[in-house]
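Naming follows writing order (A, B, C, D and E), and every chain is counted from residue 1.
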């Protein structure tokens, strides 16, 4: 038997989406099945960014596509290996006078304004013709967002999964405002797929371990398949020590893949979509320049 | 007969004393709990979960080794960070009071450090060091060091010069001078410094644990908050609170012992 | 000048202090000046004190006596001139004097966090004695000074005179060859004060120690001093007299008047 | 002739003094900057940006009103929070030292609060209150209150009983007693408390601003960190550092004035 | 008992203190006991002091004199019995005495953060005087006590005797009708001390104040006291004598011996 290749991957800690597949891979030994021995290290977003960008970890399992592009502009040579989740975001409210995004004009919206999810939301709002400059964006760390929604301290709250599921499970009054994600995106990119979160690696590591990339992809694909086929079991694994409520929420979420957006695909197979996302980033002034193709693993060029 | 009666009397007295002692010990916490329950009448249950839920979670944490070990790890980190910061702070404090040059170099540097938020230290720690525990201790030390140093400097500058010269006149060794004069003279302020920094350290540890431990109260707390599991978040917060209460109690016991020499004025 | 007046009196002239033959100098002030800012506390003072002497220092309040003690003990440096004690410089060679001098300060300066016996042990702790020996010696001295029963009291629970006696014990317990006492018996009643001053003199003479004591009581100076130095303000020598048991009562009265006049000037 | 020479001499002296003063003032910061530059040789530029970049950003912040107003807003929040916590802490401290009941109720309660991390206060503040500024001040006060109170209690307990009784013997009014005895006696520790809490407050404000402000250093800092803009993050961190340095300098000037009565030992 | 011995001496018997006709009682101790834990500092003491009296309190060190002062001034409560001053209870009606009594403590107790003149002004600040008046009065007293030129010095820069004089000024400046002085002149040289004690007596008599002063010097007690109370340990009255200018020198010597014997017992 061949010796296993060691890979250590830094990922967001639960409850973020980046923490979904790692426990499945670990518990089902999908890594060993493909000749890998993966150690997952959980980090908060700040620590993740610092430790991945500084090269301490060569592989990052919670790579927001836009941040890979941004990192390149800062001098980090990384590449987006494959996608795991497509974009999904929501604006929730409990107020009757807020039925559409346009109703937010002159009101306040709680959001984590530094995140890529919020950046994508800004673009979506622009597609609906909503002028966000008339909305007071109240910046709040993610744990505060749910608090805003629960205690009704803002007209609306912009957030994403899995916070959305646990929020709606706890508060019936929560309504989601239609963002027309798929529609707007199809029109812009000619595809329903919005690559958002995936696995990225430093290019020097990729050059040295081309076969490990394939194996990683295979392991993640197996994990995704397992999740879709065994929602309850997967939810239990993901929830770990969590309470029954948490487990139930995860099950609900997995069964609703339009919100979860699980979509494991090689970067090379969704180059166009990736470039479209980059274009959005540039349009929003989030990215200072269009990232090169080197940030898309296996890109064939236009 | 009367002997027995007085025995009974004193027994009753001591029972009464114990009850009163327990009452006063519990009173503040009962008040906090009561305030919580009152608040829960005005807020929906997912904001103010019932205390029963919270205590069920607390019980769970205390009795599950995998969870309780998180609490212990955090406690050790707080104590380790404080001890490190205190030792270093004491050395720097002595240097600052004794050398004009040290004062001019170190005081602004420490003030500089004071202005750097914990979050920035987290980033620096990640960039500069390897090893999760070392990083955490580094962050803890850097954030509590200026406080300890300034407290030690304040205490040293406030020492009674007459007593100091009296002790000096016996030509003690440095060590003797330190244990006989400096330590007892600055002890009150040092204990205050510990009391104050305990709170800060227990606050910073929550941030410091984000550099990448997959255990510890800070990590668990953040997770519960992101899941918006209020009962869980409170239960983990309470772990920190318990630790701080316990350690403060130890400090106050020590204080009572160490400051028994203090006179009390009969007035006020 | 008072000194001139003294010269005219025969018996006083006889009593002027002169160094005994071959006596070793223990403390030497050579043209010492001490300034605090503009204030001159000690002005060009020269004074030799010999080994084995028991010198009483008299002077008006604020004339610089405690300042002289501070320089002898090395706690202050002279602004000008030299202070030498046992041939060394107390300020610069501070540690050299460990175990060689003991001071009774003007105020008691007890460590509030130590009980009476622990306060007395303080000086002994620098001398490398065993714990048992320290306690024994401390208790001996507390007992000798009439503080039996108060050994374990903290200073705040002691009366003014008791505190002063603890501070005397603290100095005496070290058995140092040089004793500096700044009004050691001032807070004590006459009986206690007289008893202690006699014992003090005996202690110094029997053990061939050198002692300088500041006092405000001319009687006290007469009683135990074998040399009396009277200071003017700022500290400068106004009178320097030898005393001994053979001085007649009449002479004493005359000297007393002279000292009075000198102080009153 | 000689007069002119000595004039020249003294002029040269005073120039030399000024240069030396400036040298010592700058020395610690030059050292920190040098350390940074050395480090930047070993790390990639996105981790250790050149100081020129950083200072360009600092200049930008200081000269752009919309950005500089963020700095001012944060400074006001820190000062407001500290002032509030100090006033409340002083009142509670006096209550605790004077009343056994207050001690038994308040001390455990404050210790309880001490154990609650800033992030938990953030969540509470969001749930309990409206108004961004009020929430921030609330968080600032709750996190620095225990420290101030414990410092005040420590200082009050350490007051000299002899002096206290002497002042009492004149039967002063409460106010007179406070200004003539209590205030000067506790001032050294109170100033130390400010020095220490200034650092903590500047740390907490960064977290507090996460409760939803659309300005302030904490907000900007987080934003820059999320954009991996190290130069920007550092420039904003430096704003906090500048503020802390400035305020500490003011405190130390005040200290020099207020403690001029202290004697200095000629030894050591 | 010494008291018995005293009784046998005729002249002493004559001198035993008895209350003057119609005199108002200013300070009354009625069976007062003060305990500190097990230690009895004052034991069943009864003593009346009349308005206008100048009473010297003599007693061995640690016999409870300062404790008596603490009870008169309301800083301590008696364990048993009653202390009444001007018909009120000093401990319970503490504030009633504002401006009515002033104390010279045994140690100087100067506020280190105030200059000499500001220390003297302290007592005046409670009396509602204008700032200018306060300073004027403070400077007057500092001057009267020979501290001209040191008004703005902080306590640490003053000599022991100077500090004591500041603390005397602080008490005298308030012009209170009742003065309590705990060894006020102990740290002063004989000349200064004699001058001040005479002025003290004049001040008290001319302004019809009441004054109690503790002293260790029998001479001082003779010089200015018109009543001498000698205490045993624990504080209990051993001798209570009236003094006046008409007491002959021979009698004084005899009394002095008696006091000595009493203290020595």
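Heads up, the rule we're going with is that a contact is a pair of C-beta atoms (placed from the backbone, for glycine too) under 8 Å apart; a residue touches a chain by one contact, two chains touch by 3 or more.
Everything quoted here is computed from the prediction, not taken from an experiment.
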* **Intersection of contact partners for chain A and chain D** => B
* Find the two chains joined by the most C-beta pairs in contact, please. => B-D
* To do: State, to the nearest whole Å, the distance from the C-alpha centre of chain C to the C-alpha centre of chain D.
  => 49
* Take the average of all CA coordinates in chain A, do the same for chain C, and state the distance between these two points in whole angstrom. => 85
* Structure fact -> Where chain E touches two or more other chains at once, the residues are 74-75, 94, 107, 156-157
* Multi-partner residues of chain A (each touching 2 or more other chains) -> 46, 54, 143, 147, 150-151
* Mark out which residues of chain B touch at least two other chains, giving numbers and ranges. => 43, 47, 119, 123, 127, 161, 165, 168, 222, 225, 262-263, 265, 267
* Each pair of chains that touch: what are they? -> A-B, A-D, B-C, B-D, B-E, C-D, C-E, D-E
* Using the touch definition up top, name the residues of chain D that touch chain C in the complex. => 161, 265-267
* chain D - residues contacting chain A, complex -> 43-47, 119, 122-123, 126-127, 130, 132, 210-214, 219, 222-223, 225-230
* Asked: Inside the complex, what are the residues of chain C that reach chain D?
  -> 74-77, 91, 94, 156
* To do: Would you pull the chain C residues touching chain B in the complex into a rising list?
  => 73-75, 94-95, 97-99, 101-103, 105, 107, 109, 111-115, 122-123, 125-126, 154-157, 174
* In the complex, chain E residues that touch chain C -> 36, 58-62, 65-66, 106-107, 157-162, 165, 182-183, 186-193, 216-218, 260, 263-264
